[in-house]
Structure formats: structure tokens, C-alpha cells
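Here subunit A shows up in two complexes: once beside subunit B, once beside subunit C.
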Partner chain A sequence: MKGDAYWLDGPVLRRFLKQRSALAGLSFLVLLTVLAAAAPWLGVASPWEMNARPLMQPLVESAHWLGTDMLGRDVASGLIYGARISLAVGVLSTLATLLVGFGIGGLAGYSGGWVDDALMRIAEFFQIIPQLVLAVLLVAVLEPSLASVVIGIAMVAWPPVARLVRAEFMTLRQREYVQAAVVLGQKPSAIIFRQILPNALAPLLVTMSFIMGTAILTEAALAFLGLGDPEAMSWGYMIDASRNLLRQAWWMSVLPGLAIMLCVLAVNRLGEGLRVAFELPDRGGIDP
Partner chain B sequence: MSEARQTLLDVTNLRISLPAGADRSHALHDLTLQVRAGECLCVVGESGSGKSMLASAILRLLPQGVQVQSGRILFEGLDVSTLSEEHVRQMRGRRISMVFQEPMSALNPLLSVGRQIDEVLLDHGVTLKQQRRARVIELLAYVGLPEPERVYRAYPHQLSGGQRQRVVIAMALAFDPQLLIADEPTSALDVTTQAQIIALLRRIQQEKGMAMLFITHDFSVVRAVADRVLVLEKGHQVEEGSAHAILNRPQAPYTRKLVAAATPVAAQPRTLPADAPELLAAHQVSHGFKSSHGWGQRRRVQALDNVDLRLREGETLGIVGESGSGKSTLGRVLIRLQRPDSGQVRWFGEEVAGLPEKHLRARRSDVQMIFQDPFASLNPRQRVGQILMTGLLAHGIPAEQARAIAFNMLELVGLPATAFYRYPQAFSGGQRQRIGIARALALQPRVLIADECVSALDALIQVQILELLEDLQRRLKLSLVFITHDLHVAARLCDRIAVMRQGRVLEVGPTQDVFAHPTHAYTRSLLDALPSAPAGRLQACPEALS
Partner chain C sequence: MTWIAYLGRRLGRALAVILGVLIISFCLVRLAPGDPASLMAGEAGVDDAQYIQNLRHSMGLDQPLAQQLWTYLRHAAQLDLGYSYRNQATVWSLIAERLPATLLLMGSGFLLSALIGVAMGVLAALSHRRRGIADRFISHAALVLYATPSFWLALLLVLVFSVLLDWLPAFGMASVGVELHGWRWVLDYASHLLLPALSLSFMFLALYVQLTRSAVLESLNQEYVRTARAKGLKPGRILYDHVLRNALLPVVTYAGLQLGQLASGSLLIEVVYAWPGIGRLLYDALTQRDYPLLLGVFLVISVLVVVFNMLTDLLCRVIDPRIGAGGQRS
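Here is the complex of A and B:
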């Protein structure tokens, strides 16, 4: 059927394009992704290369316009390569979180009863442990690497998603149109994916943007604590490396800090923009 | 009604503008009306006719963005728009008070009802505590609440809907106002409760010599209370006159349609062949719900108690009852959205009460349902075409064929083919209910269960949907279970009626018999509660039968 998907439809796209801050967030993220992904081909030097005078100020030499760190590594290329890890962790751990949160929350909300009780007790167990402590513990046990960071973040971030999905499923399951689908003989899997899910999308998108923001922050925190992927340059690592030189070389910590902030902000604006775009118009209709 | 009576409320050429982007420019268009002391003026109109805006304008409580553009509202000779804020506040509650549609939201759930009435008195300067308390008890007793001392301490949720509305009325009467504005005060109530509240308002009005501005959409209510009637359509005044004249000789075509919609039409008595097979049956069905009363107190509410019912081919069976009678649960059990605790449910002779959903799915195409709320029963994220094809695709019909059937169904229920590509939000309530009907019919069911399928619609749209159902039933040879709280609707459509109360079926019989010779006292009270009893009409105008 033509134009089957609701989100490819005119009004949703139009409502999204109307929001300046969401568009700005989207453009920032797209630009960052392109820069990060194409870095080796754009002639950006390796962020580990020590080929310049150490502690060079920004905007002094055009070859190193954002300055260098104490080992003479270029800050600009550090930021660009750091974006790779931040974005990868952000996207991958959001997907992993959604997968876990969705499976558990959906199962709990759709089946109810003792399954629901058991799964929610497990979720609570994860929620009573401070998130960062648990993430640090998991990454330390699993050996720091991209995969372990993603797993660590997903393991601490899934309970709120599961709770939200469960709540959405429970209310939506009572809706008359879902009941109508049961009466029409639609299979449970089809009911979940065609009737319930599209209607649970708006709140899920907002949570997704929060998760992604938190994931980027958590990754930075882990890297700052020395638990990042040792092979990859990351923003958290850059701040960690600069912390003894805060007074002598402010740019070494301020610039990656700004990068983290802008990135999280962009993700949040994008999520908010999507939520507004997906919101249903009021009940009103036209009279016959 | 003597003309010499003093004019209490005088509205001249009132025009209320709506903010830009609303579906029309004005909520009210040059409305002129007078309410004289001691009389009841009914303002009648469908939803969106601007009737509630009138009440808000009189009390100067119009929402943001909505304003009086021109015209004048005089109350006791004073122009309401020129009064100071403090003066208006004094006027509200003392001289004019209001009764709302939904008593639960008009009351504060965290305060006892006595306290809430007490506060009204306090706000208007009755400082003596003893005096306030005595007055509150007096008011509660006056509106017919039993044990006013106990009700004084009760919280809104501990009272029934009718009792809550009595409390709201008591509150409105605190200072014996000159004018009572009642905005759909009975629409949220059951028929019997509705009749009691109307009788109460009528009594109060006569005893206190108070004027009443009664806003309603329901002509059967008008018949019971009005001295004079004013009909509104989309903000325009259509007709005004004495209740007698409007009800018996409506002039404007719109009024005529409204009056006709409220006049019961009897079903054509049909004789079913004696050997018509039984399609649906409930045998000794019982079902209960757990309800929690806080602090671990649990109680079981018996929603269905040994219900026996059967539906024969070609027949329309009405299930009538007030809210909480278990009629909707029965509908859900019959369609097997709910598995009953005990008893048998048979579809075409086959026992399905305990059948798992997996096995039931293939059999579902024969029994379909039309839902109550046309706004909640259509998935807002799917196009109408997709909604209509859902059932067909689920039953393995190829997409091309399903598409063709969906277009046929749209035509069948009187919607344009272009509806196929649009989302439900683009349609009005009546059109949405047509889509719901089309969805149910797409599977070519033999039995249709309709749960309150017109109660969320305006009177005129109700008639259209009922006519559509009647027509479809004749053409498609459908058998119908029609669940409703409205005896008028049941009388119009049903061959047989089952009256339910507290989970039990009190009596079942052919519609005419039940209406003419009800055997159960409760059925009689239901019939008496009707502002105009259809039984009398059935006998009075036999031509309505043909």
C-alpha cells in the first residue's frame, strides 16, 4: 500500500521541519558524523601523532588551529576522532538499551501477571544500584573496549526504558482499537507491531534521545576514569589527560567539554523535535 | 406563564468571537434571549453549537482567547460587562449559580462535601461556624440526600453519581440564587437517576420561584423541564418559543429534525421463522472482578451472575441496563474478549468459553463488534484503508482482494472512496462510527455485537447511524446484539429486549411486550424514568409501526 508508514507522511515531516532547534540539532549531528566517519580521508592527522610543539594555544598556527596538548598532539584531530567513539557508543548503546528495554518491557506489559511482577522486580534491582558505579564495575570486569563500554551502558540504562514500554503497552492494550484488532483476528505479534508500537513511538523517541545523551556522557565519564577503549581517542580521555594542566592549558579540557555538551544538546533537541512531530493533532474533525 | 413577570436576564445581540484557527469565527452569533423570574428556559443544541459558551459569558468566565465582541448581557438590570471583578464574584454563587455536567470533576476529591459547601458560604461572608453547618445540613436534606449528617462528612468518591449531582445542586442553592444555570446536568447520569435529578430541579425551581437556564442537547429532557425553548445551531439562533409550541409544532427544519430524533420510533415487529437457528448463546455465564478498597481490603464484584441468553438468526436482541449492570461485560464475554469465570458461551452451537485465543482466531470472522467510542476505536496511526483491511489480511485474504472489499465497505456505509487514503482524525464522530461499522462488516460476519455504539454521538447523527444499521441488517441478513442504556434506541431497533441489573437478566421478551407489560418492577421504573414513555406512544400512534 502506498505511503504505508505514518512517519513518511506529509504532516509529520512538515511539523519536524518547522522546528528550528531540532533542525539545528540534526544538522550538527549529521556534520559531526560525516566529519568523524570521513576523518582518515579528509587528511586529518592521527590524534596520537606527536608532531608539533606541545601546549600550543588555539588560533595561533593554522596547521593546529585548536592548539596542541602537552605531548604535541593536535586537539582538533583529537576532537574529530573522539567524535567517532562518542557517536558510536551513543548509537550502539542506545540500540542495545532499546533492545533489552523493549523486550523486557514489552513482555511484562503485554503478558501481565506474574511475568510482569518478576521482570519488574529485576528492573528495580538494577535501579537501586547507582548507575555510574555499576557501569564502572561492569567495564572494569569486562576489560575496557568499545563492546564492554556499550554493554556496561546498556545494562544500567535499560530499566527506565522497560518501565516506559511496559506502561505504554498496558494502557494501549486496553484501547478500543487494540481490542478491535483482537476481535478481527489479528495475531499478537501483528497487534504489537502494527497497533501498539506506532502509538508508543512518540514517548519512546524522547526517552531514546535521553538515553543517547546519557550514553555519551557515561562514555566520557568512563574514559575520564581510564576505562575507555585504550585504542581510541575520546573526549573523556582528552579531559582526563588535561586535568593536571587546567590552569596552563584551558583549551585542552574546555574544547572537548564543549564538544560533549554540544553533542548531548543536539541529541536532546532532535529527540524533542521528533516528539513534537509525531504528536497527534487534536480530536477535532470535519463535520459531514 | 404571565408576561408581567420581571425579566431577570436579558441578553441582546450577543456575539462571541472564537480565536483564529477555530472551526468557525463565532461561538455565538447575535443571540437574543430573556429569562424571566421563575421560568425555565432550555437552550438546546448539539455539541459545538455554542450553548456552553453562553453560560460562561453570563458568568464572565469565558476561556482565554474567546471574547464578547458585541451585544449586552443584563442581569437584574445591570450590564455584566461593566461590573467590577469583585462585584462579579459576589454575583456568582449568590445571585447566579451553576450546576455542571460532570459532578465528579465539579467537586474537589480531597475535601468532604460538607466542607466544600461550607467554603462557599464562608467565601460569601457567612462567618458563624454554627450557622454555616446548620445551613449545609439543611441544604443537603433539601436536595433529598438521606442522612445529611453522614453525607456532610462523606468524600465525593463515596457517593453515587446521582448523589454527587445532588451535592453540586445543594452547593448552587447555598444562597437561594435568582438564576440557576444548569449545563447538561443529567447527561452523565443513568436514566433513572436522570429522571430523579430533573424532578428535583423542577421541584426546587417551583418552590423557590427561581429562574433556570437549562442547557441540554436532549429533547426528551426539554420535554420534562422547559417552559420556553431556544434552539441553537452552530451559534445561530434557529427558533425560540414556548416548550409546547416547539415540541408540538416546530417551525424550523433543524428543530423538526431534532424533535423527530428524540421521538421514539418503534421497531417494525418482525416474525422470525420458528426454526431460525440459534447463533449465539450464553448459558449460566458468571464473571466477577476483583476490586481493591485500599489497605488490602479486596472485594469481588459480580459483574455477571448466571446469565442465560440466546440470539437467533436474523434477530436483533437488545441488552438494556444502567451503568454497572454488567451489560458491557456480557458483550465482552459474548465476543470472547473476556473469558468468563464459569458457564458456557456458544457460537453457532460450538462451545467457545474456554477456547484459547489461538484456536478462536480463525472463527472470529463470523462474530464482529462495533465499539462505543468512535474516537478511541480507530488506530490514529493507520489510514482508513489499512484499518478496514486489517481483519481481511489477518484471515489470509490476498491484498488486492482485501483492497477491493475495503472500497466496497466504504460505499456500503456511505463514505466517499477517498476516505481510504485518509487518517481517522480527518473525520467527525459519526463518520468515524461508520468506519467502525465498515471494519466490522468487511469480514462478512453473521453476528454483530454493538456496545453503546451511538451513545457518544449527537442526536441527529445517532439517528443516521441507527438508520444505517437497520438498513444494513435488512440487506445483509445480519443478526445483532445491541447493548444500550437508552430505551428509545432499544425500542427502535430491537425485536427482543433483555433487561439487566447487577449482573442479572431480569426479564427477556419481545420489545412490545416488555414495553407494554413489564413484569419486573425495575423495568417499570426504567420505563417510568423516560421523559416520554415509548409504551404510550406505541399505542397512541400505530402508524409508527409500519
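Here is the complex of A and C:
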């Protein structure tokens, strides 16, 4: 291990570039991000605008090539604008999860002893209880919004990150270069950010991508239960709004679900690609 | 560690988790906008300062927080989970009425996922050794399944089996308005149960396939399997007696850890199929913002999960005596 930024070495990048599914996932995500971010400037109509005949089938009219919903809103616009909320919640709640997990895991791993014991019991607690139900309750009590959804997801998703960070801290603490830094009299914060963090980054990145996949699924489930941000069009909301019309208009519920699936699959494949590139142990390609 | 000591410790841990759940739901009540008294007054349709003041006093909201927590815990221990004004019934009676349906769904969902998952996992592992196409297909399918939202998959099943093929009912637990007896009654329930249970099982299928596959591949390379083969045992016997037995352990262990997910998944599936369980109850409470009911359901689901989690831990110890001796799982 070579201190800073060893993951940008040639071999890691080469190993990553060799994996087609990871590259496909990355390209899909980049495309989706650009499309979602630039939607208003690409001439994509507002997903709330009722500008066509309701319940129009897909592939019939080129202006509404994915059909319209029961209020005559364009399904394709809904999918593109829905990507905004899915990606935003995915990224934000992954960052929030990282923050909580890093704080708790770092504290546990750095202090050890009874603090470590107590914190790990708390982590275990959050892994045993029904996580989605807790997230549902939190969002309902805080009133649905982007912030409450992110808080709800981070609140239940942090234990795997905390465990990982704790384990990394514990092994890295024993390493000679960290002990050397301690002997040299570096401050704990400097040791954490300059010595430990760069070396824990590879497994963290991999775990984060799997957490992001789960976060997107959780956001969709929350929106499906009517707990999405009421201001934003989302894939989960689209499925919920149209599920009673399954008989008349299958495309309204099938297409957003397909979008969720592809998005999560892309994120997971990217994570798996990173795992292989960093040569981390195989965990079956699923779950952190 | 002796059995008694282990049992005591495990029970203590379960109780600690339940206490944690109670404290969390106590805090959640206080996070809610407005205090519970004005909320309840609003539920009851009364907007009178004196009434709210009285309610606050009778609910003990004018007492110190620690005192309130103690009262809350005492009530919960007596199954007094509050009153739902929307439904004009106690929270516990509402939940108790719906609990069997959820247990039936969770149980059959788990059984299906374990059975299909283990079978697919074994198939994939055996095919892997022959570089067969089944392994690649099953592994890829598991990855896709893992990325699929369960409630959407449930809708797809409805679309295919109820709307297009018209083979199975799309919602409810039994046919309404028909009097059925004997095996027809059983068949009616089973046909209503099949799609929801299958949808729920899909959530965990991918996990069990992967677990079984890698566990079987690992044990196939063990020396005791080579010995069994060398002494001329039939492949089927080796698979059952030597490989599967060891491969099942991670599945049982994970099943215990996945119970919370199973309960969460059941919530989503119940919503899709209008299954009359506590998940559906939670959903209705959600749309009505019925906080006492919401918290009651959360509490009961969590306690259920904790209890079953403890039981699977004990089961693991029975299946594998090494766990107790080595103390790998404390």
C-alpha cells in the first residue's frame, strides 16, 4: 500500500475498464444524469402538464412516444423528471449515510473498549428491526420532503458503513505508517484524514455504490407508499398513481418500474466493477 | 457456555432490543408536529383549549419526560398501545385481528424463497462445475432480481397472471360473497395466497440463490466430500448428506438476519394485493395520519422480528453444535 491515491494507479483503472457490465452501468448513469439535469433545456415538457389525450398508448404518437397517463401527462417527461429525484435522493442519502456511518464507525474503531461495544450494539439494533417500517414512520412524522426522505434512508442504512469504517480503523491503526504518524506526534484528526481515510477509501467506495442502489429502491418504495416529496415527480409515485389502472394502461406502471430496475442495476454493476478493480473480496455481487 | 447461560444472555439481548424499539417509538411521538394531546383532540374533532388541557393532564404530558417514558413502557408491557379514534377501537385489538394474515404471508413467502432459492443455488453450483449455461442464467437473473423493486414485480405478476391470463385473483385473501367448505375453501385461500407469497419470496430469492451457490461450491471442494466420493457414495447421497447440510447453515443464519426485511417487504406486498394484514393496516394508518396506530404497528412488527430472530439463532445452535462450542456467535 502506497499512501495517497493508490487506486488511481494504472492497474486498477485497467482492471475497471476491462469489465463491460460496469462500463455499461457507468455510461447509463452518466447519460441519465445529463438527461435529468438538462431536462428543462432539452425541451422536455413539465411532467405535471396535462397537454394531451389521456391514456395514450406508447409508440403511437411521436410527440408522446411512451404514452400518456390518466390526466394526459407525458410518461416520458415523468420518467426523465423522476430520474432527478431518484438520483438526487440516491446521492444525498448515500452521503448522509456515509456521514453517520463514518462518525459512528470511526468513533467505535478509534476508541475501542466500551464505547465500541455500545455503538456496535446500536448498529446491530438498527439492522435487526424492520428498516423500511422505521423509515416510513420517520418520513411520516417529519412530513414527506426531500430532506425527510434522505434523513429516513440515512437513519436506517448506516450500520453497514459503520461496521466497515470501524473494521478499517481497527486494522489500519495497527499499520506501521499509522503508528509512525502517532510517534511523530500528528494530531488524531490529521491521522484520520491523511493516513487512515485514503486507505479506507476503496472499500468505502464499493460499499457506497451498493448503499446507493438500496437508497434508490427505498426512495421508490417510500414514494409508492405516498411518502415522496409532493413537489417532485418520482418513479415510485408514478407506479402508485397508476396501479389501479393496470388493466387499462399497463405502460403507466410498467415503464417507471423498468426505470428503477435499470438504474439500480447500473449502480450495483458499477459497484461490482469497482470491487473487482480494487481487488476486494467477493461478496456474491450483492449486499454490502 | 452452557445452554441455560446462553439462553439467558440471548433473552436479555432480545429484551434490550425491544426496549430500544419502545424508546424509539416514544421519541417518534414527540417528533410529530404538535403534541399528542392536540393531535388526539383534532382526531376526535374537538378544538377546545380546556379539553386539550384536560387531555394533556390525563395523558400525563404535563409530567417530566422520564416519568412519561416510564408510564409509556408500563402501558406497552400490558399491551395497552393506545386508542385509534379513526377506527374507534384500541390499537391492540386492530392489530391482533390482522396479525394472522401477515404471519401467513410472511411464513409462506419465506418458505417459498428458501425452497426455490436453495434449489436454484444448488442447480447453479452443480452447473458451474460443468461450465453450464444454467449457472450463468441463474446468476444473472439473481442480479437483476436484486435490483428490482418488489412492489413493481408484484404488479407485473398481477398483470400477467390476473389480467392477461386470468388464472389467479389479483387482491384480497378470500373470495367475497361465496360460501365455501372443505378443500374448496382451502383452495380459495391458496389461490389468493400464491401471488402475494411469490412476490414476497422474490425479494429474498436472489440472496438465497447466491448464498447457497457459494456455500455448495465451497463444500464441494472440502476433503470430506472427496472422501465420500472416494469411498463410492452415490452423487445424490453426497449432495444431501454432506454438501447440503453444511450449505444450509448460512441460509438459516441469513434468514434470521433478513426477518426485518421480510416484515418490511410484507408491508409493500400487502399494499399491492390489498392483503388484510398489519402492513395494509399501517398503510391505511399512514394515509389517515393515525399516529397511535402507526406506532403500534411498528412496535408489534419489531417485537415479532426480534422474537423470530432469537428463535433462528437458537435453531442455528441446534443445527450446528460447533457454534456453541467455538463461540463464533456470541
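What we mean here is this: the second predicted complex is superposed on the first by the 262 of 288 C-alpha atoms of A that agree within 3 Å, B and C clash if a C-alpha of one lies under 4 Å from a C-alpha of the other, contacts with A are read in each partner's own complex, and residues count from 1 in each chain.
Here is the rule we go by: a contact is a pair of C-beta atoms (placed from the backbone, for glycine too) under 8 Å apart; a residue touches a chain by one contact, two chains touch by 3 or more.
Bear in mind that the values here come from a model prediction, so they are computed numbers and not experimental data.
With both structures placed on the common chain, the touch criterion links A:S253 to subunit C but leaves subunit B unconnected.
In the superposition on chain A, contact is made by A:N199 with subunit B only, not with subunit C. Legend: residue contacts after superposition of the two complexes on their common chain; A:Y177 is shown touching subunit B, with no touch to subunit C. Of the two partner chains, subunit C is the only one touched by A:A140; subunit B is not. A simple residue count on subunit A separates subunit B from subunit C, and the partner touching more is C. When the two structures are aligned on the shared chain, A:L98 is found in touch with neither subunit B nor subunit C. Applying the stated contact rule after C-alpha superposition, one finds that A:M261 touches subunit C and leaves subunit B untouched. When the two complexes are laid over each other on chain A, subunit A has residues 284-287 in contact with both subunit B and subunit C.
Against subunit C, the residues of subunit A that register as touching in their complex are 121-122, 125, 127-134, 136-138, 140-143, 213, 217, 220-221, 224-227, 236, 239, 243, 246-247, 250, 253-254, 256-257, 260-261, 264-265, 268-269, 284-287. Taken together, the subunit A residues at the contact with subunit B in this complex read 1-4, 6, 175-177, 179-187, 190, 194-195, 198-199, 280-281, 283-288. Within the complex, the subunit B residues that touch subunit A are 23, 335, 337, 357, 361-362, 364-365, 367-369, 371-373, 375-383, 385-386, 390-391, 394-395, 399, 403, 421, 425-432, 436, 439, 443, 461.
Remark: subunit C residues 16-17, 20-21, 24-25, 28, 31-33, 139, 142-144, 146-153, 155-156, 158-159, 163, 206-207, 210-211, 213-214, 257, 259-261, 263-265, 267-268, 271-272, 282-283, 286-287, 289, 291, 294-295, 297-298, 301-302, 305-306, 309 touch subunit A in the complex.
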